[in-house]
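Mind looking over this structure? Questions follow.
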Amino acid sequence: MDLDFSPAERDFRAEVREWLSTHVPDHLPSMDTPEGFAAHRAWEAELAAARLSVVSWPEEYGGRGASLVEWLIFEEEYWAAGAPARVTQNGIFLLGPSLMRFGTGEQRRRWLPGMASGEQVWAQAWSEPEAGSDLAALTSRAEPVPGGWRLYGHKTWSSRAAYATHGFGLFRTSGERHRGLTYVLFPLSDVAVRPIAQLDGLPGFAELHFDGVYVPGSLVLGRPGDGWRIAMATTSSERGLTLRSPGRFLATADRLVALAAGADPALADRAARCWVEAEAYRLHTYATARGIAAGEEIGAEASLGKLFWSELDLRMHALALDLLGDRAGVEGWLDGFLFAQAGPIYAGTNEIQRTIVAERLLGLPR
Amino acid sequence: MDLDFSPAERDFRAEVREWLSTHVPDHLPSMDTPEGFAAHRAWEAELAAARLSVVSWPEEYGGRGASLVEWLIFEEEYWAAGAPARVTQNGIFLLGPSLMRFGTGEQRRRWLPGMASGEQVWAQAWSEPEAGSDLAALTSRAEPVPGGWRLYGHKTWSSRAAYATHGFGLFRTSGERHRGLTYVLFPLSDVAVRPIAQLDGLPGFAELHFDGVYVPGSLVLGRPGDGWRIAMATTSSERGLTLRSPGRFLATADRLVALAAGADPALADRAARCWVEAEAYRLHTYATARGIAAGEEIGAEASLGKLFWSELDLRMHALALDLLGDRAGVEGWLDGFLFAQAGPIYAGTNEIQRTIVAERLLGLPR
Amino acid sequence: MMMDAAFSADQLALAANVRDVLRAHCPPAALRSERRPGWKQLAGLGFFQVLSPEEDGGLGLRLIDVVPALEETGRACLPGPVVETAVVGAYLLGGAEPVTVAVLPPGQAYAADADLADLVVVVRDGAARSFPAASVRLSPRPGPDPCRPLFEVTTETPGEPLGADVGAALRAGAVATAAQLVGVARHLLSTTVAYAGARTQFGAPIGSFQAVKHQLADAAVAVEFAAPLVWRAAVTADKALAGADRDASAAKAAAGEAATLAARTALQVHGAIGYTDELDLRFWLARAWSLSSAYGTTAHHRERLRAAIVDGSPRRYP
Amino acid sequence: MMMDAAFSADQLALAANVRDVLRAHCPPAALRSERRPGWKQLAGLGFFQVLSPEEDGGLGLRLIDVVPALEETGRACLPGPVVETAVVGAYLLGGAEPVTVAVLPPGQAYAADADLADLVVVVRDGAARSFPAASVRLSPRPGPDPCRPLFEVTTETPGEPLGADVGAALRAGAVATAAQLVGVARHLLSTTVAYAGARTQFGAPIGSFQAVKHQLADAAVAVEFAAPLVWRAAVTADKALAGADRDASAAKAAAGEAATLAARTALQVHGAIGYTDELDLRFWLARAWSLSSAYGTTAHHRERLRAAIVDGSPRRYP
């Protein structure tokens, strides 16, 4: 496979690069502070106004109907330009694709445009205190009431929930382990949200307490009992293409290589290795995109990618600390270092990913 | 703890170094060939004549009653001098300690001196085709007959058995998984031995077929049913101090460092790391020796050492191949490379060692 | 896994042909008894002239077109100087006549498979010279791979200087070897998965233990992400793009490391039996080790990458 | 594990005293509320004068004598400039008066814990100068460790030159920090083992899964074999033997890597909760990271080791 881009793709890249070069803000405060959250949301609105917030979505929802390859190009340019992390990411990368695939026409029209513009910011609510890796053990429940459901229970590790407007998660509607789960959207206005401070002291996560929160039936995605299947499709896209596009790692690797110039050869060696591995992830992703364009489904293969990028991200940030010593914080690498620590944990721990690779791709016995 | 040696220890080191400097043969053929086996046995006899074959054994069995520290000193000098691998090692390092601890006075007097002199060369016979890591699943059996036992069954991966004179192993005398095993010594003259070629094409292992081989009762070590307990004591010494003394790794690391002079800094870095790790293994071993001298038992701790040296040995030989490229064979590193591949497998696989460390030392649940 | 998406139908069809031929004519048993199994049949496909110009009777394909087929030669552990004859020879000699070629690249002491060669190409000081086999003396030297023996080459004639681009030929040799290493690694993985599913210990197939699963998953990740570097390197080599040497080094280093990891994992999962002549595994272990040091060791390519990327100017984007 | 055998009864008794004091006066809760928990009580033991000569009112001990006690300060995650005050200060200042010391070593941009210092020692161009805290300006700078804040130090006076052996002082600082890192790693291991025994997923304690066991075992191996390098470095530093710098680098690099591995493993086993303020774990994670770059990063010490061992003359045997 060539990495030759079509004239249209080149034009698109040029347009994105040009726009970013004049719009990317210098440095926003952390999105886990109130002022940072507001600043990130304003940035999302600016992106959306240029129709660059969700380029691969259909035009009617705020996108451009761009191809997967164009989306990858957008991401490369976005991160290379040093643009901010996306405060909308749980919505646009996790819920959005599920809505497009499993939502009704009305649900799509109602929720996707606001997600694309950053007007609504969505938090995911998978985990519970006793169900982290083992999602089928969830106990939070949705009880049927006339016209809708009432939610009860306790979710945790809900990213962004401290400031988000809406949430989505799985709630138990029957006792069957996997088939008793239902996928529910909910406004956070009615939910008791308790922020959880992370390593950096900021509330990147929150606990959600549901005490009979009412949601109308129109907020259930798919059919009751379909939640597991929809969530697996969602987490598979989370593990795979959409959450962690190569652009981010390419940009990190390029910055590392610049840092390593003149450094001890043993450190420079590690930087060169990271650069090559980011490139490998890029090439692999283009091949996957071509496969998807040709009608292939991305399933357990996504686990290979998740293992690769999460370990690469750890190595890159460890190298940055070795290169910078106590200047890592001042040079802006500490947030990334801490975030990289979470890579092998979220979206299915790497232990779970290894088991998926072994059983589903390699065919080892359960 | 200091690494200060006493005047007596220094004198001992000087004596050993002096003797080796005038006696170590240039290069012996592989001990897995008939001529190499004979040459190695002749070398063992030469060592024994200088009372250097088993320095830590009591004088009556051919040793010098040396302390553990002196034994470590001997080993450092032995490998630093480039002396040959020990063809007697399964006897002197595995069976010998078990005989001293669990054997009768008569058994000790009968077998230890010939083991020390290399007159008898012992092969170990633990594994069976269906019981590699899972020794308690052994099915080879010893049936009681007047005056002794008859052995039936099939052992495999018996190191050195192609040319050895005697063997030792576990045989089932009752159905209880662990407590039905008995520790038996046997002459190889009555056993059908089928050599197994290794990666290098030489018969480093053999299969042993027992078809009612008779052994007198005096060849059972400990009581019938005690085999598991005795074997565990043996494999613990195999994992620990006796089989893989630091001297060997120190010598390898020193040779590597010499090879790495002038090499690319990334390779030199790996060589320096190996050198330090070999030193760490040495220091750790001296501390262990001091602990043993103070009356501590070496148990599950041995697994830590086995994990460390086997992984270090792999890294050292991989580095040698990276430094030497296609000259690795000519420069004499290929045998060591192949042997290092077996390190994480024999004497209890590293997976089993990690589980032992986790459960017995760290206290994780079974 | 999804990597097939990287190749065209024609490229995959060539690989499928090679695979079928090697299944029939280079089965594992042949590795013990034949020096050149399957070569005649591959020659019948035109495989050894695949890169030669059509006017010379070759197939006129590019390096990228044979990457999947080269992977199959690694997967089958095909003995003999495959890369030398089909790739390096095509670059250096043009390929007017079908000859078997052995190569002594710079930085290496010995020529692999020189016992089978019609021509031995020696590259020293940036220049390549070819020697008819009859004019050189070959002395066997120990190496890890029984099916890829090493020979010291002593020349007594000046040989014939070759005018072609030596750098391009060696670069193609490294990329082709990387493709073979990916195939070797894939075979090691699949054969180990099969063994782990069949072998039981502690009352269960060993492949059901997490420790075995996770080791194999890590090896699978390494192979999966080495493969795209190989096709990328073939493309940039074909187009002689800036960065072609860098990409070749990335491919060779990553494929060598993936194959070495797969070999280590295979041996660890098999246990002692993997170490012996009882199984065929040892041929692929040996191939992983021997090809890792062919056309530059992994360490050599890592050094070149450092120079190209950290000391060079590593722009990625078009 | 068996490493206690490396120390004398007196050395272990001092460590036990420190441990008891810190259990009582520096519990995890204190890390959230106090800047210097346990310091008064440790001072009462003479801990901060432990290396100072007896004629100056110190205990006159050697560095090796306090290695186990320093490990305990790491195990307790004791905040404040412990190594600076008890070790580096003793080497540089003699220790006539009990003062709290912060140090800005060469190669570092910021002084840790300078907010607590009576004296700030700045080492530049091989010379050390001391500055009374009142004479310098401190500007906080971001770092990973909430209990070990970093400060940029701006001096406006010439300071007082210190005549002592700066190299020996920094070397002792590196070794002492390595001892703390071993203690940090041990705590990370034991607290993670406890969590893995209690937390259930998929119907079993997660500590019963092989993947968790084997990760923890690997971290235990790293800690177990870093520890002897630390006591070895303390001994050679005390005796000012040739190779003392090399041994200090070996200790610091190995302890830093062991602690970083233990931190990674702890976080992976804990999952998302390990990442948060809900647990105390984060204090030890932060300490592992922050001490890894104190008195030279791991990479710096690896570079020094390469120079000393491969380019130097690394004889080991007496």
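Here the chain labels run A, B, C and D in written order, and each chain numbers its own residues starting at 1.
By definition in this document, a contact is a pair of C-beta atoms (placed from the backbone, for glycine too) under 8 Å apart; a residue touches a chain by one contact, two chains touch by 3 or more.
If you're wondering where the values come from, they're calculated on a predicted model, not measured in any experiment.
> Remove subunit B from consideration and name each group of chains that's still held together by touch.
Connectivity check, subunit B excluded: one piece.
> Listed by label, which chains are in contact with subunit A and with subunit D?
In this structure, the chains that contact subunit D and also subunit A are B, C.
> Greatest Cα-centroid separation from subunit A: which chain?
Measuring from the centre of subunit A, the most distant chain centre belongs to B.
> Starting from the mean Cα coordinates of subunit C and subunit D, work out the distance between those two points in Å.
Using C-alpha averages as centres, the distance is 49 Å.
> What's the distance between the Cα centroids of subunit A and subunit C, rounded to whole Å?
The answer is 38 Å.
> Using mean C-alpha positions as chain centres, tell me how far subunit B is from subunit C in Å, no decimals.
Those two chain centres are 37 Å apart.
> If you look at subunit B, which of its residues touch at least two other chains?
264-266, 269, 351, 354
> Note the residues in subunit C that touch 2 or more other chains, in rising order.
209-212, 214, 302-303, 306
> Sort the chain contact graph into one of these: line, ring, star, complete or other.
complete
> Which residues of subunit D touch subunit B in the complex?
Subunit D reaches subunit B through residues 1-7, 189, 193, 196-197, 205, 207-208, 210, 212-214, 216-218, 220-221, 224-229, 231-232, 235, 250, 253-254, 302-303, 305-306, 308-311, 314, 316-318.
> Could you pull out which subunit A residues touch subunit C in their complex?
It comes out as residues 1-3, 5, 10, 13, 76, 80, 250, 254, 257, 260-261, 263, 265, 268-269, 271-273, 275-277, 279-284, 287-288, 290-291, 294, 296, 298, 301, 304, 307-308, 351, 353-355, 357-359, 361-366.
> What residues of subunit A sit close enough to touch subunit D in their complex?
127, 130-134, 137, 156-157, 196-199, 201, 205, 264, 266-267, 314, 318, 321-323, 325-330, 334, 337-338, 341-342, 344-346, 349-351, 354
> Would you mind writing out the residues of subunit D in touch with subunit C in their complex?
For subunit D paired with subunit C, touching residues are 209-211, 214.
> Considering the complex alone, what residue numbers of subunit C touch subunit B?
107-110, 112, 141-144, 146, 150, 200-202, 209, 211-212, 260, 264, 267-268, 271-273, 275-278, 282, 285-286, 289, 292-294, 297-300, 302-303, 306
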